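Notes follow once the structure below has been shown.
Going by the order they are written in, the chains are A, B, C, D, E and F; count residues from 1 in each one.
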Amino acid sequence: MDTNLFTTNNLWILIATVLVFIMHLGFATLEAGLVQRKNAINILFKNVMIVSIGLVSYYIIGFSLMYPGESWNGLIGFAQFGLALPEGDSIGYADGSYTYWTDFIFQGMFAATCCTIVSGAVAERMKLESFLVISLLFVSISYPITGMWKWGGGWLDEMGFYDFAGSTLVHSVGGWGALAAIILLGPRLGKYSKNGINPIPGHNIPLAAVGVFLLWFGWFGFNGGSVLSADPDAVSLVFVTTSLAAAAGAIGSFFTAHALFKSHDLTMVLNGILGGLVGITAGADLMSPMESILIGLIAGIIIPFSVVFFDKMKLDDPVGATSVHLVCGIWGTLAVGIFGSMAGLSQLMTQLIGIVSIGVFTFIFVFAVVYIVKATMGIRVSVEEETQGLDMAEHDMPAYHDLAPRSEDLAVK
Amino acid sequence: MKKIEAIIRKSKFETVKDALANINVKFFTAQDVKGYGLQKGEKMVYRGSSYGTEYIDRIQMDIYTSDEKCGDIVSTILKAGATGEIGDGKITVLPIENIYRIRNAEENEMAI
Amino acid sequence: MKKIEAIIRKSKFETVKDALANINVKFFTAQDVKGYGLQKGEKMVYRGSSYGTEYIDRIQMDIYTSDEKCGDIVSTILKAGATGEIGDGKITVLPIENIYRIRNAEENEMAI
Amino acid sequence: MKKIEAIIRKSKFETVKDALANINVKFFTAQDVKGYGLQKGEKMVYRGSSYGTEYIDRIQMDIYTSDEKCGDIVSTILKAGATGEIGDGKITVLPIENIYRIRNAEENEMAI
Amino acid sequence: MDTNLFTTNNLWILIATVLVFIMHLGFATLEAGLVQRKNAINILFKNVMIVSIGLVSYYIIGFSLMYPGESWNGLIGFAQFGLALPEGDSIGYADGSYTYWTDFIFQGMFAATCCTIVSGAVAERMKLESFLVISLLFVSISYPITGMWKWGGGWLDEMGFYDFAGSTLVHSVGGWGALAAIILLGPRLGKYSKNGINPIPGHNIPLAAVGVFLLWFGWFGFNGGSVLSADPDAVSLVFVTTSLAAAAGAIGSFFTAHALFKSHDLTMVLNGILGGLVGITAGADLMSPMESILIGLIAGIIIPFSVVFFDKMKLDDPVGATSVHLVCGIWGTLAVGIFGSMAGLSQLMTQLIGIVSIGVFTFIFVFAVVYIVKATMGIRVSVEEETQGLDMAEHDMPAYHDLAPRSEDLAVK
Amino acid sequence: MDTNLFTTNNLWILIATVLVFIMHLGFATLEAGLVQRKNAINILFKNVMIVSIGLVSYYIIGFSLMYPGESWNGLIGFAQFGLALPEGDSIGYADGSYTYWTDFIFQGMFAATCCTIVSGAVAERMKLESFLVISLLFVSISYPITGMWKWGGGWLDEMGFYDFAGSTLVHSVGGWGALAAIILLGPRLGKYSKNGINPIPGHNIPLAAVGVFLLWFGWFGFNGGSVLSADPDAVSLVFVTTSLAAAAGAIGSFFTAHALFKSHDLTMVLNGILGGLVGITAGADLMSPMESILIGLIAGIIIPFSVVFFDKMKLDDPVGATSVHLVCGIWGTLAVGIFGSMAGLSQLMTQLIGIVSIGVFTFIFVFAVVYIVKATMGIRVSVEEETQGLDMAEHDMPAYHDLAPRSEDLAVK
């Protein structure tokens, strides 16, 4: 491959990195919009710290765990602490598509998304410091190990498991982590009472809508960059399937939510878009436009049922992360065996094996970590803190000052 | 002198205000309050569950007035504020002992 | 007839509301107020300096009631609204001369 | 005992509060209200059309006090709250029959 | 053309697609900011659905109507339902600049913007479902037909009409649709009374400002991508003219609005930026920097006059869509005959013919559609619903929960 | 160099331009979030006008002052008013990396950031028109002159001063301007009383968080584009160092702020990210990942101390611009002499000379300009206007309408 094409390929992965980066803002605003006003600072703080901790820890150990070069039976391996620039001509790296640095930074941006998924599900009641410790372990150990199984050339890869951009490796992994955490954490105070479900509406739905648009925006990089080159046919097809699945997800949720609830719930349609995006992620390069519409539509139909289901199970998830990332992540991974150029029963079985094995590992890992943190540091804020809101309890600061206190209102410390 | 507290529907505020202006009552103080009563608040739906508040948003008008004008004001509000359906609200009359205009310290009847 | 003004802690509102419902007082008007008193507001920190408001957010409940029921209501609020710590708030009873139901112009005891 | 309701300019709130503190009145309840009166609200411009609200934002201070202290408080507010221009607001004194401190059920003069 | 350059060209159009996509967030936030708080969910819901419906319907019929290959007298043609990947080497498609998929997705993102323009103008009073039906017909039939006249190689193209990136084909088309709709819909309650105009201020001006920055951001893709290759000279010139016109639009509105209203109205300056952007769009590749400044400046000067004019006509447009997209769209299309390398009287005439013919077609089409929907489904919410706000009336949900209801406040269904 | 690589290189600089553009939205939202509600329109208005004025004035004189071709002793030069397209083959320009237009628009986006930095520091009390006049002179005269010293091939460049993407040339220059302005302007009313510091909290912290994410997003273009080509190794390394420094900045501030204030202040962590970004900017292409983490971490640690220091000095800076841009800008420029491939005592000295000379020039220039404007137009709003808020005082418009006034509430003019 020549320098010109290498430069173009590398440039695209870098731009895709930038787009994946902004997904963190998408998650941050989506989650901030869907929590109560009194917990908005807290969820933003968590999101800001996750990206930061995620990148640094992925630099220190995550990347080497995920792409160890050699591994023990395709199960686990570790290259070295930090990065080690490979010898020789940078064009030689990764089949002449991108540099070592590009590889790291693109992968690093992916890694942090996992924890972001968890942050939304455990919002409004989890202790800040405990959350950060759990995230650190999740992003630097659990995510890279299961990631290696497929993307690092591990046993699932050899078995033929397919997950183009991470319906399972990123999204359902995040979703399993979220599920394990909310089981141990319990629902928000008052969410489930003897009389049934008491909704706790998000405080700023427009902010949540901004988040979903930004996530869709970033997903062009998430899926498009996963082509791992600027190959015109592949990237442009991925753009088409990704967009159509997102659009169909909105349409699916629109009709389903209205049929079920007799109401046009914006948050459902927003979740529908995300469901469509997560659903297409495993096979974005394999599907025809019509198939991508079907996958997105089904994801969009699933969302309202799934949200209601988790609520019935008393698994309290303020932002719908389990429905979007776990359920639609599983759906998307299965869809590779049902639609598109790899469809077939044996592929479907392989997909199932991948889903289950990664799910079991992640769930157990996160469950154990959260369990230990619960037993030691504690994971849940006190009833008083939860009632007062985490913004005042952990940050001594409200998210909004409607009327700025005049100087005279202020008592100096 | 009397203080009239009228707790009315938000949607009736303009009508009541205009009716009062017609009998030359243009000065009053208003505030947003939450009314708990027979009428329940709006039903909302969020992520598949419906819910509602127990209260409905109302406006409370406080009018300080002389004893003579009091009856007039009350009957004006009774007329302008009513829809005939549950939740129209209440009017109360309380006695005032003194009233002052801060601008010039005028007292009582002069201050209204 | 009486007007009872109860200025209570926000955190006690539900308890008081439920206690009142138990003695069949389900109609009242509530509003957010700022209480200046012995108890100071929450401490906050912003960019390295800590500060606080002088007031704390409270809820004021206004209840119009008949003379007989008044004592009952006051003692219910006294019980349900107390924590025993500084800042529990105040209850005041004011005389009402007249009260009307706007819906049908019913007066006084009928209107409550 | 009396209830003093003072409806004052927002910009005068700090001055009044400080003046009251000087005569040792530090406990009261405040709320935001909208004043309809001679003075009109601020003029705004939006996309080529100017408009304004009919009301101006005000603060209402409610002070429960004993009969003796009442005169003092009123004259303090009259002094501290005045600018001399239209819109300074009103002070009203209403009779209170009973007052209770929720914390310990102390009554009347004890409760203030 | 070789693979390398093809890859780079194609990559740029894909990135431009991403930038045009985010314009939908720009429109969504601009419009949400300029409506009342009680209608914020509704306008966001409409915007979310428009992108979704727009993409799917453009896939099903729009693209084939707009680029039919063959057409009846350059007036109308239809290729097939869905997409049909052309035979052969992907590099052969579109003169070696981009793939078929790229072409579709870039065009698809453009298509949905038309309806978004309408959504702002009819905000706060139009029924959700009627709006969606009208949008569907607009984006999948009307927009592609007039689009074909020029970009699909139709009669206007043959006549020499010039519209680089769509001052007319996208913006004034959206503007005509908006005009037809608001004529049939009438103004918001209380906007025009016997005493004159009662402004109904937007509830969140910072959100509107965010929207305009995002639109400018996206416009780099809208205009820059319309070069249809990554040609360095052309794309970079378009970046310069686009930016300078936007900047000059702000400056023009700044002085004009202050002279007229003695006040620095932020919404006017924001509209001025958009006016400048719309104005330069028809000739962004033809103008010198100085000419682009002039075009933008004039657009910025037009805006405040135009806003006042429409208000005088009692044509109620909460976001100024008619001023920005219709008036400045016309101005920009005419400017191609006045400034730049194609200027000349005969070109000006041709431009005029294009403006009028597309305007007449679009206006009549949308007027007819809205008229029929009005007669059948109805287009306007009831007085009660409008007073209460569309968020509660159609979505059972407020946009902001200032104080989250505690569990005990909630009565279960 | 061949056309293909030229096209790719040029494309990257254009995309970087788009990313730098969106930093203006980042600044706008960060600053709007950190001021009081009553001044939100005003700060947005200033930000919108700065970009606009900045681009136009940079076109008219700034670019020619900064890149004059020839200069008097490397101190000052001026090419011509407006732009003058160089003769000949566009590929010949700038070593075959980008076109003349690209050069201008990329540089133009940088230029406006300087004033944006100032706008945050002087927020909530400076007169709009005076601010715009000062900004105009700053962006079109002062910034280009000191910029020329290094990037225009002036005396500092010849001396070996290194500033990759502008820790000094952009950020500390903006910071010095901010410092000069706030010295002459004085603190906000009531900020410093005899009892100490009275914090005046920002009204919308989530909006500020959005701003910081957008700034980080844009910084990929700011630093990545400063490679001035799409060179795969260089750009990808810059992405890695930039991201890790930002992440480490957050971590540094997280621990420091908690140690100092016993509280998790989100605004400190946000400033920490920006500090890390500003810190890495001077040497983003010279550092190893580990060095970039160190640079960012130190910047993050500096931030809380610096914020407290400026407050102790009674230099009131609502958004922390002096700490972020001035202090961390100096730190980053010095870091080039301490870490990375150019480290060394003599380089450190050269860096110091650059910092001081540019600082002295900028401080004196801005001080003089602000002083003259103060003496003539005045720079500070009246006490009444400041109390009432600049939104009503200068714009007759509040930022938020919580309850839309009903038609009947409105008195027509």
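Methods note: a residue touches a chain if its C-beta (ideal position, glycine included) is under 8 Å from a C-beta of that chain, and two chains touch if they have at least 3 such contacts.
Predicted, not measured: the structure shown is a model, and the values here were computed from it.
Graph distance from subunit A to subunit B, where chains that touch are one step apart, equals 1. A count of contacting C-beta pairs for D-E and for E-F identifies E-F as the more extensively joined pair. Of the chain pairs D-E, A-C or D-F, the one whose interface repeats that of A-B, sharing more than half of its contact pairs by residue number, is D-E. Mean C-alpha position of subunit B lies 46 Å from that of subunit E. Distance between chain centres (mean CA atoms), subunit C to subunit F: 52 Å.
In subunit F, the residues touching two or more other chains are 4, 8, 11, 15, 196-199, 201, 204, 210, 263, 265, 396-398, 405-406, 408-410, 412-413. Annotation for subunit D: residues 31, 44-46, 49-51, 94-95 touch two or more other chains. Listing the residues of subunit E that touch subunit D in their complex gives 196-199, 201, 257, 260-263, 265, 267-268, 304, 307-308, 311, 320. Contact residues on subunit A toward subunit E in their complex (touch as defined above): 2, 4-5, 8-9, 11-12, 15, 19, 36-38, 189-191, 193, 195-206, 209-210, 212-214, 216-217, 220-221, 224, 230-233, 235-237, 239-240, 243-244, 246-251, 254, 263-266, 269-270, 273, 289-290, 293.
For subunit D in complex with subunit B, the touching residues are 2, 6-8, 31-38, 55, 58, 60, 74, 77-78, 81-95. By the touch criterion stated above, subunit C contacts subunit A in their complex at residues 11, 40, 42-46, 49-54.
By the touch rule above, subunit C contacts subunit B in their complex via residues 3, 17, 26-31, 62, 64, 94-105, 111.
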